[in-house]
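Each of the next two complexes has chain A plus one other chain: chain B in the first, chain C in the second.
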Partner chain A sequence: MNVDVAIETKGDSPQITETFDTPPATRARGRRPTRSQLLGLASLAIISLVPVPFGDFGYFIGQYATIYAILGLSVVVVTGYAGLISLMPYSFAGIGAMATGAAMASWGWPFWLALPFAAAATVPFALFVGITSVRLKGLYLAIATLTISNALGETFFTWAPVTGGDSGHLVGRPVVGPIDFGSDLAFYLLCLGAVFVLLFMVEGLRTSRMGRAMLAVRDNELEAQALGINVAKTKLVAFVLSGMIAGLGGAFLAQLLISVTPNAFQSPFAEATSLLLVTLVAIGGMDRAIGAFVGAIALVVQQQVFNGFEFFFAFVGIYAAVVLIAFLLFRPGGLVQVGKILAALVRTRPALGISIIAIILVTNIGGAWLILSLS
Partner chain B sequence: MIYAAPVTEVTIFGLSSGAVFALLALGLVLIYRTTGVLNFAHWAIGLMAVVTYAMMTAIGVPPQLAALLGLAMGVASGVLAYRLVFKRVGRGRQVIVILIAIGLAQFYSSVAQFALGFEQFTRLEPWLPTGDVDVGGVAIRASEIATAVSAIGIAFGFLVWFKLSRTGRALRAVAQNREAAMLAGIDDVKYSSIAWGIGSALAALALLLVLPHSAGTQGGIITTFDLTPFGTLLIPAFGAALVGGLVHLPMALVGGFVFGLARELLILAPKPWSDLRASVAAILILFLLLLRTERFFATRQELEALE
Partner chain C sequence: MSLLRTRDVSIHFGGIAALNEVDIEVEQGEIVGLLGPNGAGKTTLFNVLSGFLKPAWGRILFQGDEISHLLPYERVAAGIGRTFQHVTLFRNLTVYENLLVAQHRHLSSGSFAAMLRLPGWRRDERDAKDRVEEILDVVNLRPWAEAHPTELSYGTTRFLELASVLSLQPKILLLDEPASGIQQKEVEALGPLLKKVRDERGCSILLIEHDMSLLLNASERIYALDFGKIIAEGTPNEVVSNDLVLESYLGRTRRATA
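After this line comes the complex of A and B, so read on.
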């Protein structure tokens, strides 16, 4: 019935990028920030202040969202930029968390030393997966990472010297020199600082030589090779960078949880949380660093707010899955792309655009408030 | 296990879990070959059948009838997934297809959690006989034997049907060359739906055989572990499908038994080797992946069409 349609699609080159942005070939370094960049910074600052009126509960959710944004950034690098499906970002976070736990609780290292150690600890694992990814493409890599995540849960995360046995490690909140990050506000600010630094680094990576090599590999491996890009090296770098970012996120996660137990990183929690990370990045916008931040806010905040209310908690799961599928089908660029469309609408037809944004904000915030006050 | 497991018992356990892996793998391969989607939601679709079964038995429907209704629900979930979602995704956008399959897995497993109401455990009534049967002097659960026999029967029946029937021929034609099949008058959407329906039915059957009988005479228990998107058995099922390179049905059946028997027979191995039991599936899968088994079972052209 739709023979011609099928043949037509067959003729297209297998690219997933038609709907994504391509980065500028020249770097924006040295120029004055544009108005939209300043607007973006201002909105980031306002979003960061949202938890303040909610006190400790707000800070707790803020810490969760920022840490998941860091973990999401690791997905942006490997899946968004390099186009390699990894279903094990949370396992890398687990390695980082365990390294932090072992370093701080067992060996008495200070936090500022444990942080780079957590990132470094993921490197051998990331290299191993990266080498696999050179040989495996697409869904075979998805199966491989899923399997490795599962196998790490049975081996690495049962290895008592690293994990501290079933009870895990007791990690305190970080103290750096004279500054004590023990209070919820201070720790929230620390997480926020970390996520902003990483956000700018990952966004900077996108326009760097290596980042554009990753995008080229994602779009068409053969073409990239013809352009003189070392595909294997690019994939390895993507996995190592992604692993290191996830390791850093894991270090912060260990600080957030205070006690890290290995079973959080074993099957099936590891797979489930990895899926959540991939989901939130896909909802936020896979190929932009800010997508991880937006996605983490959209999903983690909902999930943590409704955590106590099982009914709504499951509803968030269903809702997130439906939103994910809808985005992937119709707007693969995620919330970032939707935001851009809305921004364009505000510019051309201000009244309509602003009222749509207002409706979205009011229904979301009002709905959450209604549910919380009813329960 | 605390007692020394005799060879007969372990073999039957291996055969029955192998048969379940084989059923899941056959469904995965059928869907992948015909529509190019590696169904990460396979377990979750099967869960829909089990959830229906649990809800039906809870309101007093006889278990055998409830199992049938569950099966129908599994088929409906799979066909809906294709009609509403995968039909609309262009081929060749593999990252998106994988992510959508993952989203679907989350969707169905969230629905399952929602429907079962967040208990730590949900009890299921059995629908197969649960008494013990004497096999060579060893008492073995009848449900294990029934699972092994019926799964093997269904798997072989399916393979014969796929080889001989008109529908099976059409499905193979779609798998081998979509465009040529469509030019020959085979309706792509119809046969893709059939592939999704049968694949989901196999997944639903596998789960309906395992979960309601997981706790012997008391029936079955679903834990929160089972309600996660990939469950506990999807990874060995992927492994079994990989034995046939994700494209070859009979080898996927063989693969199911390889994974089932490897896991159970390792119990008998001497001490350091029996510890491998937990990770044997992962080791086998990585080995199969790096071997790139798909090149033994499909031509280059067919594989490119699937990508």
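After this line comes the complex of A and C, so read on.
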């Protein structure tokens, strides 16, 4: 037997490090880049001021964008973080909107009480979706959630005592204590405050035990289990949080529309809008909270630009599909990733980076102006 | 009382016995090897022990308690850590984030605590980061902390995986071919490393390995499997000189030349 040859003893202190590959060039290791954070906050502040010169019309568009950003955040949690393609967000928003409508219009609740109620109202539905589809993934999950969203349109949204029947609810703009949010500016500021609070919260979730569990489940369920993560529970939490955020968005949506009717959340509007929300977040950037904000602005701006066209809706559908596929194929990180790439380019090759940004801005603003002047 | 013990564990895949009345025992602080040709049922046994597969019958006892009904994440909590034959990891997360994910079971704060930045979340994040910083130094992965696993060499990802599973502070470590696909130099360092892990942490190791020198070097006891059955058990020397093992694994030609 030549076993002894195999059992020869090796050196006792292994120098494993020397066999490693060479480290990549020095990276920016700061996990809390305060400078770019400040820059981000500054750009958020500037973007928030964009509606000001357009007056009440600008504020209305601003309210619309911020509410879509809130709905987008619900997609960030369930699809961006946990990797679950759910077509439920707009139905959850509908549940929130109906809960707000019933609470404020029928029961006379104040807005500040209707808000948490709208979030809580989605929880049983989110649990139902989560429990029934916890073993499904990808396309199958998308189809399952589509079916549930469709079924809710035929059941929950036809439940007259809650939805107020076909005429829906008449919800006034919120009044919180002495503050009246009746004016477009005041309500815009309220929506803006809400989206910033939720941005902060969803970004916080990403660097936490449950948030990382979601990212882990998205990347590799098997490994997540092997590292002690309860995959089923993580998915349920993602569904519930996503539902609650969408419910809050729905509460604001009810305030925006003033009158909420259940047919807005029935087939095909519910599914189409949920798909639009997924598109919006894919364009903005799936796995960062800020992606929902960027995506919502991109969506609302292009909707305004193309608003004059008769074939607007058909066009938006095709446009959304093409842009979604393009982003998923080439830039899965969305506009947020594109922005980071451009920022890095400006840092390394300022002339090239700035001219590329200038070309993008000129072609986009010029194109928008051209289309607006044609319509 | 042995740390881990199986009794008559059997599982069938479409009429084929992947595991057939397997009885193994691993003592506290012992390094035990599993030897066998491809398809012998070694990885199946790991899947059964870590809860990814349910055995058709038989019992699995861990520290004297029946654990057959526990789900994979519950077995991690009980103290069973495992790696996979092919490095898995989380490709879209950085090395640092990969190690943070592995801290999951030591943390307790919930989603709302994180979203509202409550003290519980702050404490959790500080603890997790402190531990990861420590691990980065121990396994010398600090230069790659912000890199993604896809940017690392295969050997380095193996060490990252090992670091992740060690962060679970398991009482027993199930390692499925830790040396496959890595450089010879790294393979040679692995044996002493496993012994060091055992000595410093007192954790038992159950090892599947096709690299014979590593398996025979590192293991104190070896079980040989073939067709889902334990065909031999003993010290490395006893097992490799066993006729049944020679026939099934090393092959008769080897015996003729010996």
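Everything below uses one rule, namely that the second predicted complex is superposed on the first by the 330 of 375 C-alpha atoms of A that agree within 3 Å, B and C clash if a C-alpha of one lies under 4 Å from a C-alpha of the other, contacts with A are read in each partner's own complex, and residues count from 1 in each chain.
Definition applied: a residue touches a chain if its C-beta (ideal position, glycine included) is under 8 Å from a C-beta of that chain, and two chains touch if they have at least 3 such contacts.
In this text the structure is predicted, and so the values were computed from the model without any measurement.
Once the two complexes are laid over each other on the shared chain, residue contacts for A:371 go to neither chain B nor chain C.
Using the contact criterion defined above for the overlaid structures, shared-chain residue A:127 touches neither chain B nor chain C, since it reaches no partner. Of the two partner chains, chain C is the only one touched by A:201; chain B is not. After overlaying the two complexes on the shared chain, residue contacts for A:210 are found with chain C alone; chain B is out of touch.
Legend: residue contacts after superposition of the two complexes on their common chain; A:237 is shown touching chain C, with no touch to chain B.
Touch criterion not met for A:257: it reaches neither chain B nor chain C.
In the superposed pair of complexes, A:268 makes contact with chain B only, with no contact to chain C. By the touch criterion defined above, A:223 reaches chain C but does not reach chain B. The interface of chain A with chain B overlaps its interface with chain C at residues 1-3, 6-7, 9-10, 12-16. Chain A meets chain B in the complex at residues 1-3, 6-7, 9-10, 12-16, 79, 83, 85, 87, 132, 135-140, 142-144, 146-148, 150-151, 154-155, 267-268, 271-272, 275, 278-279, 282, 310, 314-315, 317-318, 320-322, 324-325, 328-329, 332. Residues 38, 40, 85, 88-96, 98-100, 102-107, 109-111, 113-114, 118, 178-179, 182-183, 187-189, 225, 228-232, 235, 238-239, 242, 278-279, 281-283, 285-286, 289-290, 292, 307 of chain B touch chain A in their complex.
Remark: chain C residues 50, 52, 71-73, 76-77, 81-84, 88-93, 96-97, 100-105, 107-111, 113-117, 121, 124-125, 128, 140, 143-147, 151-153, 155-156, 159, 164-165, 168, 183, 185-186, 188-193, 212-213, 216-217, 236-237, 240-241, 258 touch chain A in the complex.
Those residues of chain A that touch chain C in the shared complex are 1-3, 6-21, 23-24, 27-29, 31, 201-202, 204-205, 207-213, 215-216, 218-220, 222-231, 237, 241, 287.
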